[in-house]
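All chains are identified by letter, namely A, B and C, in their written order; residue positions are counted from 1 within each chain.
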Amino acid sequence: MSDPTSRPDAHLPAQQRTDMSAPGAPSEAPGGIKSPQVSFRSAPSLEAPVFEVGSLSVYYGSHEAVRDVNLTVGHRQITALIGPSGCGKSTVLRCFNRMNDLIPTARVVGKIRYHDEDLYGREVDPIEVRRRIGMVFQKPNPFPKSIYDNIAYGPRVGGFKGNLDDLVEETLTHAALWDEVKDKLKSSALALSGGQQQRLCIARTIAVKPEVVLMDEPCSALDPIATAKIEDLMEKLAEEFTIVIVTHNMQQAARVSHRTAFFTADVDDKGERHGRLVEYDETERIFSNPSDRRTEDYISGRFG
Amino acid sequence: MSTSAPKSVAGTPNRSLRRTRPRYGEAVIKGLLMAAALVSVATTVGIVISLIPPAVDFFRQVSISEFLTGTDWTPLFSDKKFGVLPLVAATFVITGIALLIAVPVGLGAAIYLSEYARPRVRQLLKPSLEVLAGIPTVVYGFFALAFITPQLQDILPEAWALEVRSGLAAGLVMGVMIVPTIASLTEDALSAVPHALREGAFALGSGKRTVSVRVVVPAALSGIVAACVLGISRAVGETMIVLIAAGVSTGLRFNPFMEMETMTAFIARAASGDVPVDSIEYNTIFAVGALLFLATFVMNLIAIRLVRKYREVYE
Amino acid sequence: MTAPVKEVGAPAPGRPMLAGPRWRPGESLFRWLLLACLSVGIVFLIALLAYVVGEAWPRLDSRLWNNFPSIRRPENAGAQSAIFGTIWVISFTALFCLPTGIMAAIYLEEYADQERWYNRLIELNIQNLAAVPSIIYGILGLGLLARQLALGTTVLTAALTLSLLVLPVVIIASREAIRAVPQSIRHASLALGATQWQTVWRQVLPAAVPGMATGSILALSRAIGEAAPVIMLGAVTFVMFNPEGLDSSYTVLPVQIYNWISQSRTEFHHLAAAAILLLLVILLVMNAAAIWLRNRYARRW
């Protein structure tokens, strides 16, 4: 088990970075990258944040996978974590619902506060954490069961006492999947297309009514049409849920997120990669007027 | 705990992340599962504690040097002699004959399956080895005694005087019995050799035989040795074939055409007779058993070590 | 075949440039040698079956399962007590070893931290036990169960001994079945707030059941054919009755076969062959069931 050590000196460093994003209009930046077809979503304030991350480092054995991450995730916002592969963005995401606990060698150092409660506190129950903070994975991974049972699984194991039929219908409607599957609720989820499977996985996650939904490159295994449907769904879900998404798709981050964190990987002399957070800001600012050179290089290399 | 007042957000229940109720069930289940896993440890402990007290009793009456160097074995007769060498020699002879068959045949079969056979052929031929492995050894023993021995008596010169029960017949049949063990473990080791190694050799213009014998087999050597060691361990521990087809003997002999008795056959024969508990005859069973257990234990550990070695290299 | 060849280098006339010698004696001899190795087993198998069937033919009738063993009248002897004994012993063997083995496999795959020394010890121990000679288990049964724990030479002792004998097989097979369940299923379940046991019970086990069933059947078929340890546990005398409980005396098919082989009269050889055939048919049916299960429920993830 990872034994988290909260550093007392790690106080609110996230704000330091967000402070740089002056509340003024960012489009006046002259060096910005031209991207006419993208309209950015304005970021709401970071009052009453869901997650506050301070000086977070994650180790796998003796290898430091991510170093010194500070960021703040706002309530009912979509926060995107982007960066090249191996930069530790998925590692950070997996800290938010303690999925890293499942890797025996993983160790989390630093502070992650969820509504002002230490997520890695000694008395915190990871089961309870995961019921409040759901996760959608890179490859669609429905259970080899019926569509109905996939949705009902979370509520069932959570001791849901109510009308499951209603809950399943309500959830599937919410996930914009009801019309497609209402006639085959009892058939296997594995018979659905990849995009439908992934939306089923999202539906399954919101069926337990979490506050946060974490998404780990949810569209990387899907075609563009299925991706578009998931992005639409994300925007809709952001009205009710806080969403943190890891993506390697710049345009996706630009389209759906309110805030974006750009990670990169330093390679040390032994050839090992250490992820670090370069810049965290409102998405519009990251994509039009990044303050760090590396962000600009990365974004202009793949974007616009 | 946080020092600042929790900020309440609309729509967010301000529940704590702490455990709402303790989950004793999970801990109880984990304990039960672990207990089940410990049954296997208890088995080993059980074997040791069933072996040691009678064996100790035995060595109070018979010196270890007499046991290990004596060449007469008559513990069930009235004139008792406790030299275990006849049993050990018989075990060696029969195991040796078995290996003479099983190692080349098992290796050949494994190389064919791993390097030559097309998937279709593989699917057809591999189960035949599995069937061979699934036949009870009492059936092998019957076949050795009732079919192989008469055939051998016809083929071999009369002067060789093959007896009705002999080390040869038992060893030959036992050889076939351990072919599946050696073949399947060797095949595992061969298929663990990375393809790049083969491709490299093919790229240098080597033929298939050269690649198999000069590249793949040496690369899988520790796995192959492990297969052979495990094969030896099985041969040494096999009981029914030798009990039925190899016979009984009291003196030290190496002639495979004659009757001979292995350690396992003695244990089975003595234990199935009427030996009074705690007598020297009864304790003899456990002394021989301890020797057998020790021998196979060492071989198994060597084999396990070797298998781990090649897995570490290639996986 | 002749193929048009461009004038590059100096191709042999009438043959494609890259054609090597048509026949490599070394290569094909080697190949035939390997194939011969593989056929040794097959030829042996065919000879064995043919011989057994031939020997069994005169005694393949209802006497085999209707009558009890007899020393004096081989023509009337049968194997009913051995058949029932086998059923009794194997049923209890299954009852003891399957739950234990599957639970141990779950512990080792889903709960055990492989870095801990005691878990590594358990693992090493199981690998070793799988290769311990079966006669040693007979010694365990005789010395510890029958004598020390005073269980006597009964159905219970035989079933417990055989359970311990095949336990490593059940554990190893069940572990493989559990390992074949993709990690993504476990993660999905845990991410929905399921506890570890809920994940194992509701996701991992249902997916692993076909594999575990296949492995269990193969393990039990090994127990059915096992004679050496049972010989040490009192199952040698001619038993004239079927077992009536766990504390009954008993015999089992392989031991009955051994008994008949040891007799000198040829009638007993035919009888032994007939009983062997019966045993092989039982094993064949079990193996076929295992293969059917494996193919029927093979899961495509």
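Throughout what follows, contacts are C-beta pairs under 8 Å (C-beta built on N, C-alpha and C of every residue); 3 or more make two chains touch, one makes a residue touch a chain.
Please read these numbers as outputs of a predicted model, since none were measured by experiment.
Once the contact rule is applied, which chains count as partners of both chain A and chain B?
Both chain A and chain B are touched by C, going by the contact rule given at the top.
Which two chains are joined by the greatest number of C-beta pairs in contact?
Contact tally peaks for the chain pair B-C.
Please identify the chain with the largest separation between its CA centroid and the CA centroid of chain A.
That would be chain B.
What's the distance between the Cα centroids of chain A and chain B, rounded to whole Å?
52
Centroid from C-alpha atoms only, then distance chain B to chain C, rounded to Å. What do you get?
14
Distance from the CA centroid of chain A to that of chain C, rounded to the nearest Å?
Here the centre of chain C sits 49 Å away from the centre of chain A.
Residues of chain C that touch two or more other chains: which are they?
195
Can you tell me which residues of chain B touch two or more of the remaining chains?
In chain B, 23 touch at least two other chains.
Give me the residues of chain A that touch two or more other chains.
127-128
Could you please specify the touching residues of chain A with respect to chain B in the complex?
Those in contact with chain B are residues 48, 75, 113-119, 121, 123-125, 127-129, 132, 211, 240.
Which of the residues in chain C end up touching chain A in this complex?
113-115, 182, 184-195, 198, 202-203, 207, 299, 301
Which residues of chain A touch chain C in their complex?
These residues of chain A touch chain C: 97, 99, 102, 104, 127-128, 130-131, 134-135, 137, 139, 141-144, 153-154, 157-158, 201, 204-205, 208.
In the complex of these two chains, what residues of chain B are touching chain A?
Its residues touching chain A are 1-2, 4, 6-9, 11-12, 14-20, 23.
Any idea which chain B residues touch chain C in the complex?
Residues 23, 25-26, 29-30, 32-34, 36-41, 43-44, 46-47, 49-51, 54, 104-109, 111-113, 116, 125, 128-129, 131-132, 134-139, 141-143, 145-147, 176, 179-180, 207-209, 230, 233-234, 236-240, 243-244, 264, 267-268, 271-272, 277, 285-286, 289, 292-293, 296-297, 299-301, 303-304 of chain B touch chain C in their complex.
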